[in-house]
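For reference, the structure discussed in these notes is given below.
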Amino acid sequence: MDLSLLLQNIFAPTVLFFFIGVIAVFCKSDLEIPAPLPKLFSLYLLLAIGFKGGIGIQESGILNNQVLLTLSAAILMSLLIPLLGFIILRLKFNVFNSAAIAASYGSISAVTFITAESFLASQNIVADGFMVGALALMESPAILVGLLLVRFAAPKDRPGSRKLHLSSILHESFLNGSVYLLITSLIIGFLTSLSNPSAVEKMYPFTHSIFYGVECFFLLDMGMVAAQRLPSLKKAGSFLIGFAILMPIFNSIIGVLVARSLSLETGNAFLFVVLCASASYLAVPAAMRMTVPEARSSYYISTTLGLTFPFNIVLGIPLYMSLVNKFIPISTF
Amino acid sequence: MDLSLLLQNIFAPTVLFFFIGVIAVFCKSDLEIPAPLPKLFSLYLLLAIGFKGGIGIQESGILNNQVLLTLSAAILMSLLIPLLGFIILRLKFNVFNSAAIAASYGSISAVTFITAESFLASQNIVADGFMVGALALMESPAILVGLLLVRFAAPKDRPGSRKLHLSSILHESFLNGSVYLLITSLIIGFLTSLSNPSAVEKMYPFTHSIFYGVECFFLLDMGMVAAQRLPSLKKAGSFLIGFAILMPIFNSIIGVLVARSLSLETGNAFLFVVLCASASYLAVPAAMRMTVPEARSSYYISTTLGLTFPFNIVLGIPLYMSLVNKFIPISTF
Amino acid sequence: MDLSLLLQNIFAPTVLFFFIGVIAVFCKSDLEIPAPLPKLFSLYLLLAIGFKGGIGIQESGILNNQVLLTLSAAILMSLLIPLLGFIILRLKFNVFNSAAIAASYGSISAVTFITAESFLASQNIVADGFMVGALALMESPAILVGLLLVRFAAPKDRPGSRKLHLSSILHESFLNGSVYLLITSLIIGFLTSLSNPSAVEKMYPFTHSIFYGVECFFLLDMGMVAAQRLPSLKKAGSFLIGFAILMPIFNSIIGVLVARSLSLETGNAFLFVVLCASASYLAVPAAMRMTVPEARSSYYISTTLGLTFPFNIVLGIPLYMSLVNKFIPISTF
Amino acid sequence: MKRLDLIFSERELQAILNTLENANVPGYTVMKHATGRGPERVVTEDMEFTGLGANAHVIVFCEQEIIDKMRDEIRSVLSYYGGVAYISEATPL
Amino acid sequence: MKRLDLIFSERELQAILNTLENANVPGYTVMKHATGRGPERVVTEDMEFTGLGANAHVIVFCEQEIIDKMRDEIRSVLSYYGGVAYISEATPL
Amino acid sequence: MKRLDLIFSERELQAILNTLENANVPGYTVMKHATGRGPERVVTEDMEFTGLGANAHVIVFCEQEIIDKMRDEIRSVLSYYGGVAYISEATPL
């Protein structure tokens, strides 16, 4: 990995605030962001990402080939990754835990995505607005795969009350609070940008200007949460710890290859890779807890929140950038 | 009603966010904005509306005839409407419920007002800053009327502990949290604009720039609240449901006639009509719950929040605009 | 005191919002900012002050003589004031209460500081960015002194479980949540300004633009808190009430003399004096409650929050400005 | 020792606390933001931001005599907006 | 009179409230945002913003017969995600 | 089965939870943001943002033996900043 990329990433305020959150927990500072304040940040970020993304999609003109290909590839990856993950996890875990963890890694983390976007901006590399569309489209399919895996691979003696009807699988996949807010905000952003540009401007200070600051505040909280999650990771065992680091790297490699074969430009390729490598700690865990109570929530939430998320934020982003720099030919405009 | 006005209103981000709140509840999405976050938005909006309004009043120079006439008419309407409403409601309800519901319709909804303001701005029609003064002045008188109605029309056997002293009637009318915050912020805005214009500028990003975005966020929540209120409306019966829709229309018609007779300009006339048509779900319900425990809170809060508010936001605003366009001669500057 | 300064201070939105908070409580308005919303404001302000301060320090170039002298004097004051306070308070209170109250007056109040900064700006007087450094450096030493006083002056029969180990004294002094957030945000601001100026710009709308508005909102809450604290002050007795007013004035006089001897310029001198005069209601009380449970929290929190803070905000700031104007020769550039 | 559980509209919190203080209870604990339903009324979350207030749950550990002293006053306060009060046995640890 | 304490995942709140309503309880009180640990699972604060939801604590004062009516249904709901239910004695004030 | 109610400064939550874990309680429930008054101190809402912390209310359903095991340790923790602990009877549903 390129050391200068690593340093540039680490010295971004977002990552620095994440660190001070982590350190606060390690030093047993009594700093606390009490519930439900983190929820406020998280709702705000989803709304703003979605709205900005909708504008981006509208502005990049939706229906060209490259866009459709990229979005299809994104969906495909979020169907494929959980299947691969499931096979690996079944070596050690039962069907329920394997499906829940695998689904988390197939889906995405919006905050990882926006941290990557900021990193990209700091490198003066552009990416297209429709990549937020890829983000939105990758959230749900992994949930779908996870629940279908449970439905078909679960032991026959699962009590009837826990039978997963297709309707409830679809409900959890698409109407989960964070999926819903992201997608609907995206649609609103799209419609507004299309029909009412002056309203986009009026939203700008809220959705764009203060976004980066709120992101930093939220990452401070995420740092504390991640650090608090670490002890329960130890209980999960070294297999899962290894999985939480190696799976994102593995996914990023597949992502780079796909991006290359689609001839994505540097910026888009990087974000595509980040989406593949990131794991969900919002939509998927919430859906799994609802529908697969047999899975231990501490497994899937501690790995994604306590290990994969920090890894991606701190080391993953520069690593994936190096990968992209190596494997994606520099685009000539 | 003019269909293009309706479409323009519906495609505003504010209204779209309101819709996705409603839909979230209907689709049983688990999207949630936990308490006390909605309170944060509601406090912010009151503070910012008040502050902006105070500046507006100062800038429009308070003491001209037109202003005084408009404000007096506003107060008059908020005294008259609850009396009319009370007479209608007494056909079906006891004194307590009738007074509480009628008071709600006499008073105003600040969020309806600001949604109307945004709509006006999107139509490139100007309105005067002092209209926020009308908003502030219309909150309390209706509470006063409601409580006086209870005091004088309540059955003689009301227990002594519930006797309404004039002091507590005035207290509830003017020191209710949301009335108080709106009026005092308005005074601060006025004083600041008068004595300290640089401070107005320093407040600007908070009170003006991010306002529209926060409004959207709040309307998302209001959409959820309104939709959650609907079931309890069914219990209230068809009389009340009809009242919740027809009363605002009725009030808007009186409003238009008054506005016409005062020769208000289009923008001011429209806001005046919206104030007449809107119903309170903050100040009045809170005051009524304190002082008239005999009234069923689900009656007055479910009608205003679950039916009148959505009706005004979605259909009422373009309807009132059509009315104004029809009855108010276009102002020639 | 200069009356025009007093009026100019009182007509700032910050102070006006503080007043309406106070009045809301006195008039028994049911206005309420429910927990944990005040925590949100307080965390935001610490983060933003720190970040802005870090930028300020970086921009003023840290290592010149004047800066080092000022910062050393600041630390010295925060060691000296609690010792003086302790001697005075011992006339009436036991070791525990005396140490806890004295430590509060040695430390600082960030919100008093930023209100003073706004006042300074309204007077068109500049101050240096590194003064936030003084703010940050003055928080902890007073805690240290307070705890050492308890350690050495406490009665011999204090139970062993309450022995203060040096490690826990240091922990409370430097890892207290608000100290930690202020200092780390300052470091992040410094590093970001040094290595990544474009990120400073991206933070600007969050940390700078909306700052003043949030400050006003927070002061509204502080007004309510202060007023709610007043009744418990009565119980504390007239000695403590006198102390809460006279100690800040006394400290401000020492502060002016020190500032003069260091030949600080008007703006810096004024902020230095305000720091000396202000008392902590965040870091110190929290630390004292953890480590000196024998001290009555109502003593140290009611004095600082209910009396000293309002006094400084309303009367202190113009008073200290007058003092500075009198004793500090106008700087010639 | 007894445990007294009081659940009622937040709006009456001050009145209830005054009653407790006047009866010299050794202490009390307040938990706000409770919602619920009684025989007549429903109290939901959105009532908090609309200013109607949610419920408060107050727990008091005290002797029976103190409860006897407060009974009438508490009942009269609770009769205004509603609310419930129940007593159970409790032993200090 | 009995006091029934139910503690369970917030996600099941609606199901539990429906059960209570069907059994015609005279009322209930809900306190959200509770966290805790049971025999298998830990429920922490960060689960609220990750959407997993914290626990709800529901208190019901009612007669034994009503409890008997609800027992099976409550048990079956609690068996899904876990949760606890305990009964104690309570006397109205 | 017993029900143990602990009310104390949030600051000691970790210490109390450790004690509970060491005694192998089958579970516990935590409710934060409680305020109140004890024999000496008042705990109000503004103490939360000033960093002094409010109270926590912890409920444990467990056997008497477990309570006996924890008694001394809990008492010693509660003796530091104050707090109360009461036991009552409870029957599983």
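The first chain written gets the first letter, and so on, giving A, B, C, D, E and F; residue counts start at 1 in each chain.
As a working rule, contacts are C-beta pairs under 8 Å (C-beta built on N, C-alpha and C of every residue); 3 or more make two chains touch, one makes a residue touch a chain.
None of these values were measured; they are calculated from a predicted model.
Counting only chains that touch, the fewest steps needed to get from chain B to chain C is 1.
Relative to chain C, the most remote chain by averaged C-alpha coordinates is E.
Although chain A and chain B carry the same sequence, what matters here is overlap: shared residue numbers make up under half of all numbers found at their interface.
Chain centre most remote from that of chain A: D (centre = mean of CA atoms).
We define each chain's centre as the mean of its Cα atoms; on that basis chain C and chain E are separated by 46 Å. With centres set at the average Cα position, the gap from chain B to chain D is 34 Å. The distance from the centre of chain A to the centre of chain C, each centre being the mean of the chain's C-alpha atoms, comes to 41 Å.
Of all residues in chain E, those that touch two or more other chains are 11, 31-33, 48, 51, 88-89.
Touching of two or more other chains is recorded for residues 30, 34-36, 39-40, 176-178, 205, 209-210, 286, 290 of chain C.
Touching chain F in their complex are the following residues of chain D: 1, 3, 26-33, 59, 61, 88-93.
Chain B meets chain A in the complex at residues 11-13, 16-17, 20, 23-24, 27-37, 40, 118, 121-122, 205, 209-210, 212-214, 216-217, 220. Remark: chain E residues 9, 11, 33, 40-42, 44-54, 76, 80-82 touch chain A in the complex.
Residues of chain B touching chain D in their complex: 34-36, 38-39, 41-42, 161-162, 176-178, 225, 228-229, 232, 281-283, 285-286, 289-290, 293, 296-298, 301, 305.
Against chain A, the residues of chain C that register as touching in their complex are 35-36, 39-40, 43-44, 47, 51, 171, 175-178, 180-181, 184-185, 188, 191-192, 195-196, 198-199, 202-203, 205-207, 209-210, 286, 290.
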